[in-house]
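Look at the two complexes coming up: subunit A is in both, with subunit B in one and subunit C in the other.
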Partner chain A sequence: MLDERHCAAPVASVRDLKVYFQSKRGIVHAVDGVSFDIRDGETLGLVGETGCGKSVTGRSFLRLLPVPPCILAGGSVTFHTHVVCKACAGVGCEACDGTGRQAGRDRSVDLLGISSEDMRRIRGDRIAMIFQDPGKALNPTLPIGAQIAEVFLQHRTEELIALAGLPPDTVGAIRRFASQSPRFGDGWLLSLPGPRRAQRLRVEESLAKMVADALAETQVPNPGKLMARYPHELSGGMRQRVMIAQALACNPDLLIADEPTTALDVTVEARILELIRNLQQRRKTSVLYISHDLSLVRRISDRVAVMYAGRIVEIGTTAEVFANPRHPYTRGLMAAVPGADTPRGKLAAIRGTVPELVDPPTACRFAGRCPHETGTCRSNDPVLEAITPSQSVACFIDHPAQSGERPTYERVTK
Partner chain B sequence: MQLRDYILRRLMVLPVLIIGVSIVVFTLTRIGGSPVGIYLSHEMTPDEVAEIEARFNLDKPVWVQYLYWVRGIAMGDFGWSGVAAAPVADVFPLKLAATMELAIASGLVALFLGIALGTYAGARRNRLPDHVTRIVAVSGASLPQFWFGILLLIIFWAHIGIAPIGRSDAAIFASIAHPTGLYTIDAILAGSPTALWDAIWHLVLPSVTLGYGATAIVARMMRSALVEELQQDYVDAARAKGLAERIVLKRHARRNALVPTVTVIGLTFGFLLQGTITVEIIYRWPGLGRWMADSVLRGDQATLMTYVLFTSVLFLVVNLIVDLVYANLDRRVTLGK
Partner chain C sequence: MRAAVAPQADDLILSVREVKKHYPIREGALQRVVGHVRAVDGVSFDIRRGETVGLVGESGCGKTTLGRVIAALADPTDGGVHYSMDGEMRRIDRLEGKAAQTFRRNCQMVFQDSFASLNPRHLVIDLVGRPLKVYNEAASADLVERVVELLEQVGLGRQHLFRYPHQFSGGQRQRISIARALALNPEIIVLDEPTSALDVSVQAQILNLLNDLQKERNLAYLFVTHDLSVVRHMADRLVVMYLGKVAEAGETQAIFDSPHHPYTRELMAAKPDLEAEANVEIRGLEGTVPDPARPPQGCRFHTRCELATSACGWEIDDIVRWLEDAPGMFEHLVGVERTSEFAAELAFDNEEAAGLLSMAVRSEQVPEAMRAAMRRLNLDGTKVEIEFEDVGEVELTVRDDGRMAACVLTPEEVASWKNS
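== the complex of A and B ==
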């Protein structure tokens, strides 16, 4: 899946991220001290049940959280932008040691601290997102082509102007048109017969070509025709392909995929996953794949992070976590997945429900549901600590607290 | 395309609807009794009354009278207006032009100001601009027009004395030709700044009175539709593409929020027409509304029936336009099943 050489540098580092929500009942700790890295070129699967904070974590990369009621209470999300190797255009060559990146040109930004204008420049260009329901994430009143075109207008104005055969110092209404920042009267100016109108038509032609190319990447039949269609005229799978084309249009370093196949049926899901993986490998894009589907995450991820009640309880390589899950929650989740060799009858389930995240007490979040819990778990808060170089877990089973009883898998307390 | 078929089909249904409306209008008006009173005077003898009844076919059975009425309309004869002391068909266009000028002025104000205010408030939900707009809008929708109009009249006409009353200064009005009947347009055509200023100055207070309520309704509708749209996934998706908030709002959310608002705007048009009656009485505006009020009070049935028939047809046409705009805004709407 992943070449070891890439693993060194993270494309993004989340440190002690805390995202709270104001509600009538108090402050909900939706994400409460989450830390992890997304390495260059890898797929990190973020799994957890509904409401555990995985979507909020994903959205905080793009700061797509409504403030208020949302409070960015602390922590940082550091993003490392890469400069693509000039010699091989990101494919990997001798000059860049096969990484496809130009060494020494990286730049780090704290996504939570930058101005909204800087954030806007990163959105859709360096970090892109695919949403859960492509039927809702596409604007119903705009044609597909116009929606994808917006990404280029925002981030690829120079290329657009060059492709249209205009000089790079083009200014005025044409540049405003090519950067989607029209002023009052530009519409008239560019519609009246004359050189401006001809230039606008050339820009539109180039734009259509860029959009068609982006669509063709997702293997849709007849991209040229598809551009004029409206979202409601397409199937769910086609819509998600359009979303993917839109997200990958500017070759982002990081793709946040928030349950992109949940709204699709299983056969379409397989094809979409295949598509994402192909594009990712070709372009060396890192992916944060958010899902509640363990078997799916196992298939596609290099590493897995398991979230529970606003915390990451276990993180490691897919192979390690699935071969040797340490946290009782991870174990519970895996036991609940039916397999071909599972005997008929009742499936295993984790008893109880997710705790309310309003003013959580100092205790393990899983205490109360954990079959192995002890007094220690109810009065101490375990932190994520490494048990092997590539696997970490937040449980007293592997990191006994200073005082108190230590939980073990052998002793089942409930 | 189906668009032309749709318009044709709707236009073909129109006569059927009009016949239905005409029966309802005729029946309802006749419940009020025979219209003969408007043509009589106190000195008339029973013989003279009978003669007038015969002249207007009022001695025939009611359904025959209906047919006479319909035949008259088909031939362009809408009857005799006792109030205007002239044929309805002669006076109607002049009065209509005056009312339309007022309704269009307030309608345009309501349309643009309502959408602008609603967008402004919806994009700043639960912040100060939203609360201010809410107060302005709620008072606009709940203040009775007759009260608001009279209030403005007292302040600007009676006390300050800057606002005129009526539709025009008679001398200036007479100084230009009136090919369209719309005073403002005629003034522009005549190239007379004096007349244009006169027309606009007379329009201000009546159209503010008339347009306030409609603006309020459009603004409230726009605001809540926009708040709803701003919570949709596609708005976040647009932000995730790197679009500036301004473009997210204008190009994505507002366009979608206009879809339900357009329906309300169509209905608001009826509200405006109804409002012209009050406003024209308050400001002595020589339009349909005031004529109607007089006709109701004096039992001028020929005028009343024409007015109701006309407004019904107008309403049908406005709704057809609304449907077309609707389909143009939202491609998911398929016209005609």
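== the complex of A and C ==
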């Protein structure tokens, strides 16, 4: 899926990200010191159970968290924007060493530090997101075409003007129309018969063409007809396709997919997965794939990060993590999925429940549910450390503890 | 009366016979009935004492509706559910008085959404103790003890008695629902997606609990779910539904080993499990579930089936559906005059579009099976006359070792395609 030269540069790096939430009972440490890289062109799967902070991590990339109650308590999310290779337009040639990017021209920005203005320029253009429930994420009062058109109006004004055959120095009402920033009287001005109206119609025509092309990418039948429809007229799978078209419209460097198939039937889910994978491979987009479904993540990701109670407990290549899970939580999760020959009533459930994240103590977050815990785990906090060049785990089983007894897999604590 | 129906095994407790549930579609100021949504359209199977029957299918296939009909929460439009009482099978919607009470306490239900199914203003003791009170099983101090006993069986305790549902996690709330269902010591429990709102680690706890309870009390479960890995783990027998009908039924293991219906096969291919090879290809289904108000003729699955033959019931609706997505033709369609479901005259407003259609339905653009099923195709100016083979409904047929499938193909044909 991924060749070596892509692995070098990360498209985004999260460092010690801390996102807290103010609540009546105290400060909830929803994400508490998460660090990982998303490499260029890879799919990183982020798995975990409800409330482990995986969605909050995903949303912090686009600053889609309401402040307050959210507190961005620390850390950074660095995003490296790419400059597409001019010689091959991103396909990959000798000049750019097959990566499709111009080397040495990347810019880095800290997504948590930039102004809202800059964030809006990146959001939807360089970084896009697919949400879990397309029924809620699409605007029910606008037809599909108008919703996708917004992306182009916001981020692709220049191309739109060029495609309509207008000079690039076009100003005034037409430019405001093409950048979705109308002033009072513009609508009236552009609807009067005359050259302005003709220009507006041309812009609208090219806009419709761009939208239809974006929709056609997601293999919907008859995009022209779909554009006039409203979200409620479409099936769940179709809505999700529309959302994917919207997210990929501007060819983003990073796509954040937050449980994109959870609301869909299995048969439709497979189609959508295939679609995301195809588009990702063709466009060399990096994907952060957030899901609670292990078998799904295994199929789509190059690397996997397992999250538990606001921390990443294990991260590594998909093959390694699934063949040789090291953290007891990862092991527990995999054993809990009913398999073909698990005897009935003998599913390995993880005992207990997810701990409250209000003022967590200095201890392994999994202590109390872990079958191998010792006194060490209850008084020391393990950190994520590498055990092989491509796999890291946060557990004393693989790392020496500062004091006390070390847990092992053989030793089972009752 | 269809009271006592054929299969009369001793351990039979519930037998579903040709159950139909249609919901009327009303329109206009007078709310005239213009059609029916056929949520469940003729389903039969049996549930025996102590066994788990899995009911699987996509959303909208009628599995939840059927579960509600079986729990007597909805009355069937036609057919009936028969419950074994004092040695004879009796229709549950005709029971009265004492007999109706006996059925209701012996058939309980656990719902998918525990937020919605537990009253947020009631304490746990009220929720779990209510059935005991209603049936005068226990009162005052005795009631508390009985509730504690039930809570302990599902892994909760005395300390939870005086709490409200919102104070519990999703898994614990599902445990409360199960405790409530167990209160009257029922024979059968209808489990409607009991774990689909839960995380895998909690799901494992609940599945283990359900299994322990079943062994202890010799309970029968009807396990309604869309999750194949769960149903394979839990169910002894499986009923696969598609669009209100049974596509396939039989022993769980046998169905997983060799599905006899292409739909079952597609369902399994869409979600390979964690143990399978990582590079097993995942495959989904083309298109969406057809409208249950106008189910397809012949085999209901033929619109999405890759294996469809000319005998699967191709009809005019398939042509119209295909036209909707074909650019440059649907806009010119002015009328469809049907003589039957299988024959019609399509009128266009120009000759070009009519010509395009008659060309298209002869070409690769439509499925080969559809072309093969076409008996007549006439182009007459702006009109296209199309007639398909007249095909009856594909019935559920009994295969060897007690399996049933509704498919015109033999199991070998279905299996050979799987390997290709």
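Just a few scattered comments:
Here is the rule we go by: the second predicted complex is superposed on the first by the 409 of 414 C-alpha atoms of A that agree within 3 Å, B and C clash if a C-alpha of one lies under 4 Å from a C-alpha of the other, contacts with A are read in each partner's own complex, and residues count from 1 in each chain.
Keep this in mind: a contact is a pair of C-beta atoms (placed from the backbone, for glycine too) under 8 Å apart; a residue touches a chain by one contact, two chains touch by 3 or more.
The model shown is predicted, which means the values in this text are computed figures rather than measured ones.
Looking at the shared chain after the overlay, A:Gly224 reaches subunit C, while subunit B stays out of its contact range. Looking at the shared chain after the overlay, A:Arg196 reaches neither subunit B nor subunit C.
In the superposition on chain A, A:Arg406 makes contact with neither subunit B nor subunit C.
Using the contact criterion defined above for the overlaid structures, shared-chain residue A:Ser235 touches subunit C, although it does not reach subunit B.
In the superposition on chain A, A:Arg378 makes contact with neither subunit B nor subunit C. For subunit A, the partner with contacts to more residues, out of subunit B and subunit C, is C.
In the superposition on chain A, A:Arg176 makes contact with neither subunit B nor subunit C. Of the two partner chains placed around the shared chain by superposition, neither subunit B nor subunit C is touched by A:Lys209. Looking at the shared chain after the overlay, A:Lys18 reaches neither subunit B nor subunit C. Subunit B contributes residues 232-234, 236-244, 247, 251-252, 255-256, 259, 329-332 to its touches with subunit A in the complex. For subunit C in complex with subunit A, the residues that touch the partner chain are 58-59, 169-172, 199-205, 207-208, 211-212, 215, 226, 228-230, 232-234, 256, 266-267, 269-275, 278, 282-286, 288, 324-327, 330. Those residues of subunit A that touch subunit C in the shared complex are 49-50, 221-222, 224-225, 235, 237-238, 265-274, 292, 294-295, 298-299, 318-319, 322, 332-340, 342, 344-351, 353-354.
The touching residues of subunit A, counted against subunit B in their complex, run 62, 64, 120-125, 128-129, 131-133, 136-142, 150-151, 154-155, 180-181, 230, 232, 243, 246-247.
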